[in-house]
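Okay, got some structures for you below.
Two complexes come next, and they have one chain in common, chain A, joined by chain B in the first and chain C in the second.
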Partner chain A sequence: MEPIVMLFAWMLIIAFLAFIACMFEDLESDIGSQSNPNSQIQLAPEMGYIHRYFNKAISGEGLSYALSCTISGTIAMLILLQLESVGPTAALLAIPVGAAVGSLVHMVRSSVCHVGREAAHKRFEQPIYLDVLYGHLLPIATHNFLAVICITAIAYIQSNLGILSGVAGASNPFPLPLLCLIWGLTVGAIGSSTGDIHYGTERAFQDKPFGEGRRVVYHGQICRYGACGTRTSKDVAAFCAKYGGPATGLAFGLIVLFENWRTVIGMTLGGVAGPGWNPSLAAAWGIGIGIVIAVVLVILARTIEKWARNKYGPFVGE
Partner chain B sequence: MGEEEVKQEEKEIKEKPKEKFKLSFDYFNESRLGIFALIIGIIVAIFPGLPAFIKGIGMMIVLLWGADSVRKTARYGLGTGVPSIGVLAMGFGIVGGITGIAVASLSFGTLVVGGVEIAFGVLAGVALLALLGFVSGNLANGDKFINMKIPGLERGMTELGIAGTLAVLIETSIISGTYAITNVLPNAINNGVIAVIFIISAFAMLQPLNTCLGADERRGRTLLMSIEIGGIASIILGLVTTLTLSAVQGVPLIVLGAVVWVVFYRAYMKACLEEAYAVKGTGLIKTLGG
Partner chain C sequence: MIETLLLVLVCIIIGGLLSSLAVHLMPVGGAPAAMATATGIATGCVMLMTGAAVTGLFTASTVASFWVTKPNVILVALSGAVGSMLMIGFTMFVGNLIYIFGAGIVPCSGRVAVDPITKDSQTEYKTPRTDGHGVPTASFVSGILGGFSGGFGGALIYVVLVSDSYAHFSVATAGIVAMGIFIANAIIAAYNIGGTIEGFHDPKFKARIRTGLTCSLIVSVLCGVIIVIAMLTGTLAGGVM
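For the complex of A and B:
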């Protein structure tokens, strides 16, 4: 098969893995409350609203995913170095083992968060519910594992793309752990910026008026009595798997897809490392197509916003 | 009455050993811990020939100091900014660490006295980042500039710069065994291990305060977690060291990390569960009416 077709196929696989990774990243961050929703979960006891949410304040999502993905990438790299004689099939062992270690570390980090934050709420009479603590650790680890294994696989494919696709020089010059750090930060950032909005409107604040920001008087008034208060944060995953998770995954997958797509088309038009290879022509085509994609996306977003405003009424306060 | 008094006495007797058990850092207050960690950190950093096991202990002490500095800087209601402070410290650290390693691998940067390597050059990186941290703290807090008025920011930023630099230096010397740039580049930087050094040291500094944040945060409890993350860092660096240097260096580091992690994870969880308002197996939240 032509190398450029193989290159495009691998890039589609990367985009698909990115979709899965970001979807599970968002669902994992919704089990418990990380980054933006966490501020309201943290505020709730201080306002007198005792709750049964899992307080997962490891750090922002970007950093905590950078941690688990980088550890996964480092372990995978060590195993790959040990099994160099086996060849590329060593990745079949290295990537899952690395991801398992990464998600184990993530689980340990989230277990200390809940007890730490709730113990610091002593004067607000917030107890530590042990079933909340134990019940959430396994869902957190499993969702995290799926996200981390996809990110490690993406980083592995990227750093070996030249060998895998047959296009010389297509490999990323960065080593595996560094790629995992960058991808982990990115997947956490997208999951935080896109996914938290869905989490907030779908679960934590179900009575939010259209288009309104959270007023200060309502701070901490999270939904605590879902199914008579017995529900805990792990049910949020099932709740958000309908819209929030896939939408977040789609956002990240499309970013990766468009980015790779324009690069590959630009490379094809520039003559892909053949006799007529012209890097500056390839870069120019790539940038041009990128600008066209951006303009189309802006127009689409504006159209959807207009449609939503017409359909669901004006923003509160307008 | 008599019976009640006896009961009260019994209660007091029962409660006393609990308080004794509390792990605290009362002797090592902020200044003492800083001085102690600075001295230990510099001694461990300038002798790259020390066994990885001892360097691992030095690394944990430096990370503990970093966590204490983050707490010092960020406890005045920085809230979501806590992780940024930890990452800032390690950003300082990477710059200072690379500077220190570069100076140490120059001809005058490392002295060899009786076969023992003494890398004075790394102190250049430490000094540079102490200065840079002090200047940036002043810029952020000074009246003429951003004027953030955070108490103790200048001192906090200086300490963060030094602690971050020392952490990067010690961890690099654990992995490569020397500061010679020809050794450091393939063992620590080209293979991407610098990424794991960056992120796990940042977590050892930022996560303790970020996780224990709240009205009833206690310093002793917060710092326990930093040592616990230091244990995880030791395990991972031990795995890397087994490959880059030898199992003789790596395995003791892994064992040290595992023991430290188990001991301090238990101590931290116990402290939190004991100091919480209540620990319930399960139950409904109390309704608004009581």
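For the complex of A and C:
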């Protein structure tokens, strides 16, 4: 197969992995109640709302995932260096083992964080439910594992893209752990910026009127009961997996897809790996395509804003 | 040699100032935006801008490797700028999709009565006792410009550090150092903003941008001097990684 076709094929695999990674990142943050909506879980006992949500906010999602992914990337690179004689198949062992270590560390940080935060709420009579602690650690670790293994795989592919596709110069010059750090930061930043809205606005306040911003007076008054019994953070993931999670995955998938796509198209138009290779032309095409995509995004954003204004109308109520 | 050192110092200062400007341009709603209680993107300034900048840095590193030696500084920096811009653009777009279709909320500004770009009225769409919600067009455009500015700044620092003609650090060292300078500027800007900001149309932007850029200048000069010392002593030449 033509090397450039292989390059596009690998690009699509990377985009697919990015979709999966960010979706599971967002769902993991929902199960652990990390990042922005955690402010409500933290506030609830102070407002007299004793709850059974998992309460962890290790740090911002970006930094938390940067750490998990970098641990994974570092372990994976060490194994790859140890098994250099085995060849590329060593990645089949190195990537999952690296991701497993990253997830275990994340699980340890989650447990310590939850217990610490809940203990601080003793003054508001918030108990530490041991079944909540034990019951959430495994879903947190498994969702985190899936996100981290995908990010590590993306970083591995990108740092070896030249060899895998046969296109000279297609590999990213950054080492594997640094690529894991970059994508870990990005996946966390996106999961925090987009997916949290579905959890914080809708799921955490499901008993409040639909279609309005959550007023400051509602803060802390989280919805604690589900269709059957008391709600836990695991129920949040089941709800957000229907919209917030996939939408978040879509955001990261599209970013990775279009970032790689415009670079590869630029490389193709610049005469990739041929005698007429013109790096300035390749870079300029990539920049031009990127600007066009940004303009299209602004137009799309304006279009859906207008649609929402016309469809929903001005705020009705008090 | 003196010219090279000065050029590196100036590029780091420009990169730092652009990073700071970028953070001020971002429509950052922080934690309240996750509950649709404030306009903007639902995360903190530093987290968001760092995520965007490293995406730009990734593209910049790929594009810089197009040249065997001496990458074109402007083209690499522009590639990084476009990368950050796209990251922010898709994030804001999907965020709005969740606000509109996941929570039934109309994006509107809480700080201005009329959107300065579309001239749409905002007040009657705002939920009472909130500071707006979603990412309206003015904030979206501001975010795109912020992404461009921040990506350009971060990638400019990176390419100057990695280029054979200037600092000649290894790619990994240049990446880490560029990220460090960027994050230092982003944190200073976040302190200056102190909470949420909607973009260039927010009164907070006009009131605080001068202080932010002044602080950024000081931080960037300090970072630049450290880099110049590292270049003079050869501490990071060829890279430590």
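By our rule, the second predicted complex is superposed on the first by the 303 of 318 C-alpha atoms of A that agree within 3 Å, B and C clash if a C-alpha of one lies under 4 Å from a C-alpha of the other, contacts with A are read in each partner's own complex, and residues count from 1 in each chain.
Everything below uses one rule, namely that a contact is a pair of C-beta atoms (placed from the backbone, for glycine too) under 8 Å apart; a residue touches a chain by one contact, two chains touch by 3 or more.
Because the structure is predicted, anything quoted here is derived from the model rather than measured.
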{"item": "First (chain B), second (chain C), both or neither touched by A:S39", "value": "both"}
{"item": "Which superposed partner A:K122 touches (first chain B, second chain C, both, neither)", "value": "first"}
{"item": "Residues of chain A touched, compared between chain B and chain C (which is higher)", "value": "C"}
{"item": "First, second, both or neither for A:L297, with chain B first and chain C second", "value": "second"}
{"item": "First, second, both or neither for A:D26, with chain B first and chain C second", "value": "neither"}
{"item": "Which superposed partner A:I255 touches (first chain B, second chain C, both, neither)", "value": "second"}
{"item": "Touching partner for A:L63 - first (chain B), second (chain C), both, neither", "value": "both"}
{"item": "Contact residues of chain A, present in both the chain B and the chain C interface", "value": "39, 60, 63, 174-175, 178-179, 181"}
{"item": "Interfacial residue positions of chain A with respect to chain C in the complex", "value": "35-37, 39-40, 60-63, 169, 171-175, 178-179, 181-183, 185-186, 188-190, 192-202, 204-205, 210-219, 243-244, 247-248, 250-251, 254-255, 258-259, 262-263, 267, 270, 279-280, 282-284, 286-287, 290-291, 293-294, 297-298, 300-302, 304-305, 307-309, 312, 314-315, 318"}
{"item": "Touch list for chain B against partner chain A, complex", "value": "79-80, 82-83, 86-87, 190-196, 198-200, 202-203, 206-207, 210-217, 221-222, 225, 228, 232, 236, 239-240, 243, 265, 268-269, 271-273, 275-286"}
{"item": "Chain A-touching residues of chain C, taken from the complex the two chains share", "value": "30-31, 33-37, 41-44, 46-48, 50-52, 54-55, 57-59, 61-67, 71-72, 75-76, 78-79, 82-83, 85-87, 89-107, 118, 120, 124-130, 132-137, 140-141, 144, 171-172, 175-176, 241"}
{"item": "Chain B-facing residues of chain A, complex", "value": "39, 42, 46, 50-52, 57-60, 63, 66-67, 70-71, 73-75, 77-78, 81-82, 105, 108-109, 111-113, 115-131, 174-181, 224, 228-230"}
